[in-house]
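The two complexes that follow have subunit A in common; it is paired with subunit B in the first and with subunit C in the second.
== the complex of A and B ==
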């Protein structure tokens, strides 16, 4: 089973929730799909066991074959290939690797070369299960390719393990890529106007994608009641609550998983997991 | 006239970008405000904007499959690098990046590329000046383009109305949305928090700013929650000669203002004065 943890708003506690599940649920693995700012390894990481580069491609032009006809530039919707007066200029970072320029080139002057955009790292965690996390190189425009590779990894485990996927904030293409094909999604929100507003966008996205979901309210007690009213009104299930607690905040600051230091919270994550299994079974 | 464009970003989400941006706004004169966090926009909650115009923003063209002309040859499926067209020729619109390869390879003209709306773009007025903001349709591509459009409009307004300052609330992360938010900015404020994750992400976002030769300064939010990590942040800033513009202690007062949908620096002016907020404001203009 694959469970995505997401939030809309950043900093509501996705990584906290993911790491607590990973250590409390047996036979699980963890994936960090927030490849722009991955943090899960700071909490779960242990021994790095494998590193794999992720590549994208970009066109190169054989000047002897190029007739400067301009068709590649006309076709490219990303302004990544621009025929200038005497030569064709390529902007590697803008290329989406769609393969179109090669298709339209009448003289076969275009081939593709690979360049690295980031890595996927496999860690043996101190809690037994494996952790895979992606990391996008700084200056790159999109981590979607790395996220798609992580999805393949999680698919290869999901038949006999529970896969917890720490997803990127927001609701843009990266988030969609991270939650694609998951069996269940957990939205981690906080009881503030920002938390609720951003959560609504995630709810819309998940409903559109037809993914079943529930909510964990983090920092409960810090804000107001709007989130409870919203959930009641929209019939969204609140799976559990994590109280606002300076002790938890301090453990987080130090890179520690709070239910490991405060065992009274272990049951919370086990109970939520049980609920999710039941909800999946009922579908 | 050179416009002073200040962009607030953080790398890590939830460090307090929007709260800080909103708190700065009342104290900058001659201002246009932009919210570039288009897939989780929250600045409007505190600014109480009066929307003047709403436009549909067209980010790119997307494929439309005309089933009546389709012969199920499968060429579009095999050529699409984004797995947007399934084996049985069904398009997943959110995966389409609008390249046009499918339209090109289709032998029966069953695919056309058509304008796709990716979000709404608003021009609003607030007590503090004009406000350009946007809302991405969940799951859409090209949020970077929408971000660039918000900035472009804010700049255009500032020029038209002879405004000296622009402030922009950015999004978390380091990829296209953030790159589109910061390129060419006059000043970048990096909001961080004293946690293990906060420092990790600050280093990455700082490196990104360095790539674009941007003038940066750091604000440490809730700095007293972990003195150890605050010291590590300060050490990193010293080593890299990054000025620390402001250190904000944790107080429930700020959350309470936000919950009341009020701008914290107006609600809790005394607290902000005590922490040197107004000296920080002076460094921005």
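== the complex of A and C ==
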């Protein structure tokens, strides 16, 4: 089973929740899909065991075959290929590697070359399970390709392990890519007006994607009652709550996973996991 | 010779637009006949590559000289690819004022400074 942990607003506790699940649920692996700023390995990471480069492709033009017909430029949605006077300009940074320009080229003048955009790193973690995380190189526009590779990795494990996927915040292309093929999603939200406002966008996204989901309220006790009223009104399930507790904040600041130091919270994550298994079964 | 000016609205009294790729419109002027027309910048809301797209649009209207604000690196490369000369619009406020300044030779020609890697 694959479970994505996401949020609208950043800093609500996705990584905290993911790492606590990873150490409390047996036979699990963890994936950090927030390739623009991965941090799950700071909590779970142990020993780096493997690094793999991720590539994207961009078109190159055979000038002898090109007739400057302009079809490639008309096709490209991202203005990555622009047939100009007596030359075709390619902005390889803008290319989304869809392969379309090659298909529409009538003379076969287009081939593709590869360039590296980031890496996927495999870690042997402190809790025993594997951790995979992606890193997008600075200056690259989209991490979707790396996230799709991480999805392939999680698919290869999901038949006999529970995969916890720490997702990028918000509702961008990266988030959609990270949650596209999951069995269940957990939204981590804090009970503040800002937290609730951003959470609503994630709820809309998950409903449109037809992914079952529930909510974990982190820093419960802060803010106001809006999140409770919203969940009641929209019949959204609150799976559990993590209290606003200085002890937890201290452990987090030390890079520790709080339920390993505060065993009273281990049951919280085990109970939520049981609920999710039940909800999946009922579908 | 045909020139282009980034413009917010239509006509000589329109304000100049301070962006190139995301300019609202382009006023295209044929200096030989004095005719001018306003062309909507259809690519102004592109997620990326608006600059290159705008250069394509100017090229399709046979523009020889583009009067522009700051140009992004991709637009700069595309201008060169289509052999369109670029001239800086400076601080002129309206299309009419800018046109007169160009005719009087008061505008600075942009020489290529930077650029992304080209394949």
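To be clear about the criterion, the second predicted complex is superposed on the first by the 283 of 283 C-alpha atoms of A that agree within 3 Å, B and C clash if a C-alpha of one lies under 4 Å from a C-alpha of the other, contacts with A are read in each partner's own complex, and residues count from 1 in each chain.
The rule is simple: a residue touches a chain if its C-beta (ideal position, glycine included) is under 8 Å from a C-beta of that chain, and two chains touch if they have at least 3 such contacts.
In this text the structure is predicted, and so the values were computed from the model without any measurement.
Residue contacts after overlaying the shared chain place A:104 against subunit B, while subunit C stays out of touching range.
Residue contacts after overlaying the shared chain place A:171 against subunit B, while subunit C stays out of touching range.
Once the two complexes are overlaid on the shared chain, A:252 sits against subunit B while remaining clear of subunit C.
In the superposition on chain A, contact of A:205 is made with subunit B only, not with subunit C.
Contact with neither subunit B nor subunit C is seen for A:228 once the two complexes are overlaid on the shared chain. In the superposition on chain A, A:127 contacts neither subunit B nor subunit C. Look at A:8: by the touch rule set out above, it reaches subunit B but stays clear of subunit C. After superposition on the shared chain, subunit A has more residues touched by B, the comparison being subunit B against subunit C. In the superposition on chain A, contact of A:141 is made with both subunit B and subunit C. In the superposed model, A:82 makes contact with subunit C only, not with subunit B.
Taken together, the two structures place residues 78, 141 of subunit A in contact with subunit B in one case and with subunit C in the other. Those residues of subunit A that touch subunit B in the complex are listed here as 7-12, 15, 36-37, 39, 42-43, 75, 77-78, 96-100, 103-104, 136, 138-143, 148, 168-176, 192-194, 197-198, 201-202, 204-205, 208-209, 222-224, 246, 249-250, 252-255.
Those residues of subunit A that touch subunit C in the complex are listed here as 58-61, 73, 78-80, 82, 84-85, 87, 89-94, 113, 141. Residues of subunit C that touch subunit A in their complex: 43, 46-50, 52-53, 55-56, 59, 74, 77-78, 81-83, 116-119. On the subunit B side of its complex with subunit A, the touching residues are 10-15, 18, 37-42, 45, 60-61, 79, 81-83, 94-95, 97-101, 104-105, 136, 138-141, 143-144, 171-179, 193-197, 200-201, 204, 207-208, 211, 225-226, 228-229, 252, 255, 258-259, 261.
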